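Okay, so chain A shows up in both of these, paired with chain B first and chain C after.
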Partner chain A sequence: MTTNGKPKFAMYWAASCGGCEIAVLNIGEKILDVDANFEVAFWPVAMDAKYKDVEAMEDGAILLTLFNGGIRNEENAEIARLLRRKSQILVAFGSCACEGCIPGLANLSKPQDVLDTVYSTVSTDNPNAVRPQYHYQMPEGVIHIPTFYPVLKTLDQVVDVDYYMPGCPPESHQIAAVIDLVIKVLHGEAQLPAKGATIGAGNSTVCDDCPRARNVKLIKKFVRIQDVPELDPHLCLLEQGVPCNGPATRNGCGALCPQAGAQCIGCYGPAEGVIDYGARLITAFASVIDSNDPAEIERILDGIPDPAGQFYRFNLAGSLLRAAKPAWQGKL
Partner chain B sequence: MTTENKPQEGQERIGVYVCHCGSNIAGMVDVEHVAKWAGEELKDRGVVVARDYKFMCSSLGQELIENDIKELGLTRVLVAACSPHLHEQTFRTASARAGLNPYLTELVSIREQVSWVHTDKQAATAKSKAVISGGVERVIHHEPLEPLVVPIHEATLVVGGGIAGIQAALELADAGYPVYMVEREPSIGGHMAQFDKTFPTLDCAACILTPRMVSVGMHPNIKLFTWSEVTKVDGYVGNFTVTIRKKARYVNEELCTGCGICQEKCPKKVIDEIYEAGLGYRKAVYTPFPQAVPKFPVIDRPNCTYFQKGTCKACEKFCPTNAIDFTQEDEYITVEVGNIILATGYDLFDARRVTQYGYGRLANVFTSIEFERLSNAAGPTNGEIVLRDGVTKPDAVGIIHCVGSRDRNFNNYCSVICCMQGLKFAHLVHERTGATVYNFYIDMRTAYKAYDEFYQRVLEEGTLFVRGKVAEVTDAARLPGEEGKLIIQVEDTLAGIQRRIPVDMVILSAGLEPRRDAKEVAKLFGISCSADGWFIEKHPKLDPVATMTEGIFIAGCVQGPKDIPSSVAQGAAASARVLGRIRQGHIELEPVRASVDEAKCSGCRICNNLCPFNAIIFHEDRMVTEINPALCQGCGTCVAACPAGAISGTVFSNEQIFAQIDGLLGLTLEHAFS
Partner chain C sequence: MQRITIDPITRLEGHGKIEIFLNEDGEVANTYFQIPELRGFERFCLGRPVEEMPLLTNRICGVCPEAHHMAAAKAADAVYKVDPPSAAKKLRELLYMGFYFTDHTTHFYALGGPDFVMGPNAPVAERNILGIIHKVGLEIGGKVIQARKYGHHIVEIIGGRKVHPCTSIPGGLTKGITEEQRQEIEQIGRWAVDFAQFSLQLFADIVLGNKEYVDLILGDIYTHKTYSMGLVDENNHVNFYDGKVSVVAPDGERIGKYAPHEYTDWVAERVEPWTYLKFPYLKKVGWKGFVDGKDSGVYFATPLSRLNAADGMATPKAQEHYERFYATLGGKPVHQRLAIHWARLIELLYAAEHIVELATDPEITSPHVHNVPKEKPSEGVSIVEAPRGTLTHHYKTDERGLLTEVNLIVGTTNNYAPISMSIKKAAQSLIKKGTVVNEGLLNMVEMAFRAYDPCFGCATHSLPGQMPLEVTIRDAQGNPVEVLRQFC
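And then the complex of A and B:
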């Protein structure tokens, strides 16, 4: 299993922004513990590595792989399958791998529209109207680029996943705690949680960690936070009409946003056992609207300007909806 | 058709029973094939036996299940038949008899949800398989549960003191059990107290009603709260805690002898909009009518000179027993009851809404209730049937049926009593004035005992019947003889001609409508209304006085328009149901309950205000929510609302629901349903 006596560690980024990697590096001197306990076998963002080196490894040769990013194209899927084969423990790391995150919002659009947005909107300087070609004849031969999938998939929609670590990105102290745990397991001082568990997060929701005072909820209006002239710093934001996602979002972040005076936007994903985060939140908000008059209810709901962004910003790809129908059926 | 399988190690042993329901299901679903399919294709899911049978609910059908439980050692039972509303209890009880915990038996509907709603036999058969596959997956996740046993309080609350409520209260009180009756008005009696005669026998309404009212007032087992309303209902069947607001009467009931001197001396006259339908006056201190029960008057504060201007107190000065007490305040009283009967009756359709009939605009257009007062010997005209001027007797009277009823613009339903009431009016007009009477009807509805005979009698008395829906009532004369008259424009659909009939008086048989506050009252008591607003019975045929909320019963016109005999019958029926409950001494409640996983609860308080049964408690100190299992009715509202997924409900756990969906979609099977 090891070459230098140390177990192997890998980290990979698929369709993601790179924030997860930064968060890992952000764990400070804990990174030295990683080095002391693991051999970094494959981590493209941190060191040079070739896919063929991984292919050459024995199956199960890597002890721990943190996989961040969603599955947007053929290459993402291929490496996911490869790392699954080579890893004993595969962790869906960060919101993109767990539930699709911001890249997953592209599932609301047809693939063609996604490409149009990237290559031919007014803000794009593309004088030759270049478009990616999957196969291109070069003097040296035909080169291929990976196929763009119709929709973005989460990691577990493509391969079997052992653990989920939510967050956009996961908080550094939670990463450090998980690394500590794995090291303890290596030394026989702790046990791994059951397969399929969510790690590096709490078991309740953000409200649990939020210090704001709350009452029985009676919502008369929803407003965008920038439209509130003066926020009460001590009162629950939801009760002030700011659509805070705290009630539905798994805790683990330490309720950073509501403490900083901004609403929780849900980056830690659904609570334990919740299958569709957006649906849960919609029912919850709908339950506390304080009106029986259909017209007034309609007006109150209009206060949420972007329902998809409000309820599915991080979890569309992993939700029961998964995608808008045209995207789902989109062919390239 | 029967298939028996050997189960696998560690799996549940499931029996599947598919009912033909005569031809109700078998006519649209190939039940034999479905049973065979379940035996073969669901073998891997643990189905050890699958049978079909003509009537699963028959004793022979139930015995099939009982025998299989004993002989094949079934650990789960799935019956595919009618709606769980109908027979879930039947099959659970059958399982229990054979020693299987009743909650390990599930009923899925292939009648209401399949055979009755489809016309394609092949598709219906395939859907039945899906429904059964879903049921099998769900029942695997069932857990043995024990019902909650709670004692039943012997007292009953009756809300509404019309004839239906009076009947219910007397039955219960005579059986020896305590009753609290709450009536909103100063006196009980309801609508019937306003009538002179009642169809079809023309009994004097007061003569038959007032003895019953007096019995209620005097009964040692009845505590009467008039001028009162229920403001809060907590608890559940057997153990309701009800808060009653007893509005200040400003008359001390201990001292008042009901002599009526205050009413005589009070200088303030007020138009009586309720009892006299606006045709007569009462005083600011009043009882609605002389035979009122209780006899104590109330002071109508907004109209009392003393309350409004600070001086008067004539009533106080003249009251021989010093019963007037201007310092009284509303009282809130709580009572504990085991069951509740709602008998809040109806409101009359507002005839102003049919603008073309001119009520409110044309003086001599009257509503039915106005006519009741006009014809009542104790009414504002001492029973003289006269025009709005108070003196002129009409020579011709038109009675229009179905005003606001059977009309797409207002109410689609038939108000049941209006035809008979229109006939009663025709008879009274004939008898008292000798005027020519026309009844305008769409269809004549005189079902029930002695009703059609009454119709024949009125025909023989010479009332003229015109079949057709009246288009308009107008005072715009066009033809000779119409001057100064009300002209009824109508298509006579029997003669096939348009007619203009001049009359002096028009009476509108306005329909019955749910009480204006019916929806709020329903919410207060946790029951449901139809779209019209009538309270919904548990079963339209088999359980007409119970509601879907245990312990809450309905009687009389709250449930829908009906006549006095039916209202009385329902009052008695509701009390019989309550007596049955009381005699049981205790009740077994479904253990379908929600509970909060405290570790998952974030204390967000989303759920705190949602429970229709007030079962949710929030602990400020620990910032967590808890559900009181005795109050929870398992409605699921909070389960759906909790964004943290911290609340789950027995029998409807996420696991069970998702397993059922997987089964329905065929995800647990190798082959698709066909």
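And then the complex of A and C:
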């Protein structure tokens, strides 16, 4: 199965930013444990392994693949299917693969509008409204770029996924713990969790890890963080009117952003048992509004200037909604 | 016509694909460097609150989120016409120096370095960071790991997180640092200065001490005479966080400097139908195609171009190396693109020295790090120097500060035309009639782009995936003769 007796490890980067790779590199010396226990068979950003070697592998030859990135185009889908075939354990690694992440917000727009915007910005010199063509005849021959999908999909909307590791990116100490677990499993000292489990994260919410004091959450208005002269560094941000996503978000990061004076923006995805992140967060926000007067409630809600972004910032592609209607209807 | 497809190129961030066409004589007729991806941040950031841009645009690139975080924060400051307190600006810059220290280390040791330390033709299995650690020893490998860790630690202390920092907001920062944290950063800075000097010595020993490599650097294969671009301070010293953009012609003449809000007078972007990425060029010179020279608007924006576009470095040790660099390579400007690797290490030293300067600034622990915006939000432009090139963010908002227009010209995008030219020249120089196209030779074609440390995740604000590197050699009828494949 392997060239040197060690099980094979792979990591792949689809529609994502590369922060997941950096988070893996940030495990520091532990990367040497990976080297000691695995043959790193395929890791595009770091090594020049051969495609033909992977294609030539038997199905299931790779023990563990960490797949980060959403599925934005045809190529992402093809590689996802290839790695699914070749891997015994396929992990949706990071927010993009699990739930679409920030690039999933493109699912609010028609794909044609995405292209029209990008190729007509103020610095773009494009009088003939040129757009990228999937197949283009050059003097020397036809060249191709992959088809842009109408909506961004999560990994499990394309292939079967064994485990989910949330976070944007997953925190390095969580990655290190998962690597330790897999190494223990290899040595027969531990068992893998049940298929479909979320790994490398907690089972509760960011609020439960947040050291800020929570009293009675009742607010008369939402505020924008730059408008507050001085936030109380020890009091719950939501109680101070800052729209913090902690109540709906899975813990695992250690509540880093609230501790740095910034609101949780939801990068660890829905808390355990939450079916739709946005619905849960709307419920949480509604419950802190200190009013029974419809007009006043309306005014308070106006303090959330971008509800779609607020409630589905990281997980639109993986939510029950998945995309706005114009995106679904978009043809390219 | 025969065709060689390299898909994807490897040991870079993001994804690219190279098509090489050979004529009847087996020589390179043309090459196309395609970027097969797009995410569309300019579109889906519309409607979002401008204060979220430092968080949203982080996700353009997880390798250099700090660059987008800073550019977005500065553009949001400009949108609100708010000037952050001096301590906040210094803290942002200190965070940014910590990031540069980590990022330049990553490129030299993990991405670009393997070609030199292991050699361009070293076995694939060894031509990577683990190969380097095995070759130079665990002690030095441990130092490299420590360097990355320390840089990220500075980012985390000020930015709240190691990846995707969260503390910059319009008007400043959400928090300052304590005296204890300041001391920790100062200690890291002093260690970093030693590490950067060590890295420059390693480069001198391994690369400059090897005639074969020196010939490769100085040779014509990897040389292009284009304009140079880079951010400079008021003394025309290299600056990463703030200043004006200096533009220097291929003959060394500075044709001007522009402030962020003037960028559309200087830079325009060309659209080609065969790729998702646009080609920026100097508007004042004009687009003349993929050609060198003073009449062609092609420019580059890398550590080397920054050194070319400046008059020197703002810190003493980096300045010494700056002088040695130009003395060794025959004066300014330097056009040999492999020298970017050396220039990057000089910037590494500058970043390290500047960490110490900022960490010992008496103002750095000031608790006053935020000014509440008072003006109505409207429009703002900012520029920072990302490790991979000049980064411009331009926003327009409605009166609530919700985005109505977003334009981004990111680091690597600046270099799309020169990288395309470098690839073509390397391919033409290396692939001749009867050449056996093997993996090592293709890697030398890839070295043409690797010097630029490109990040096509950033460039496309997108990243649909890296494809395997695949080379199909076809005969004149288009029939495949041989297929070589490689994972990036």
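Assume the second predicted complex is superposed on the first by the 316 of 332 C-alpha atoms of A that agree within 3 Å, B and C clash if a C-alpha of one lies under 4 Å from a C-alpha of the other, contacts with A are read in each partner's own complex, and residues count from 1 in each chain.
By our rule, a contact is a pair of C-beta atoms (placed from the backbone, for glycine too) under 8 Å apart; a residue touches a chain by one contact, two chains touch by 3 or more.
Predicted model, so just to flag it, every value in this text is computed and none were measured.
Undergrad: When the two structures are overlaid on chain A, which partner does A:288 contact: first (chain B), second (chain C), both, or neither?
TA: first
Undergrad: Go through the superposed model and pick first if A:303 touches only chain B, second if only chain C, both, or neither.
TA: In the superposition, A:303 contacts neither chain B nor chain C.
Undergrad: Determine, under the contact definition given at the top, whether A:203 touches first (chain B), second (chain C), both, or neither.
TA: first
Undergrad: Which chain, chain B or chain C, is in touch with more residues of chain A?
TA: The larger set of chain A residues in touch belongs to C.
Undergrad: Is A:214 touching anything from chain B or chain C once the two structures are fitted on A? First, second, both or neither.
TA: first
Undergrad: Could you tell me if A:275 is touching chain B, chain C, both of them or neither one (first, second, both, neither)?
TA: first
Undergrad: Mind working out whether A:247 is in touch with chain B, chain C, both or neither, as first, second, both or neither?
TA: Only chain B; A:247 stays clear of chain C.
Undergrad: Per the contact definition in the header, classify A:326: touching chain B only (first), chain C only (second), both, or neither.
TA: Neither chain B nor chain C is touched by A:326.
Undergrad: Inside the complex, what are the residues of chain B that reach chain A?
TA: 599-610, 618, 623, 637, 640-646, 654, 658
Undergrad: Please give the residue numbers of chain A that touch chain C in the complex, ascending.
TA: Listed in rising order, the residues of chain A that touch chain C are 12-23, 25-26, 28-29, 31-32, 35, 40, 42, 44-55, 69, 71-73, 75-76, 79, 101-103, 105-106, 108-109, 113-115, 117-119, 121-126, 130-133, 136, 138-141, 143, 145-146, 148, 168-169, 172, 224-231, 233, 256-257, 259-262, 265, 267, 305-306, 308-309.
Undergrad: Which of the residues in chain A end up touching chain B in this complex?
TA: Residue positions touching the partner: 203-208, 214-218, 238, 246-248, 251, 270-275, 280-281, 283-284, 287-288.
Undergrad: Which positions of chain C touch chain A when the two form their complex?
TA: Contact set of chain C toward chain A: 1, 3, 8, 10-14, 17, 19, 21, 29-30, 32, 34-49, 51-52, 55-56, 58-63, 65, 76, 80, 106, 110, 124-125, 127-130, 133, 142, 145, 148-149, 152, 159-164, 166-167, 169-171, 173-175, 263-264, 267-276, 278, 280, 283, 287, 370, 372-373, 394, 400-402, 405-407, 409, 443, 455, 457, 462-470, 478, 484-488.
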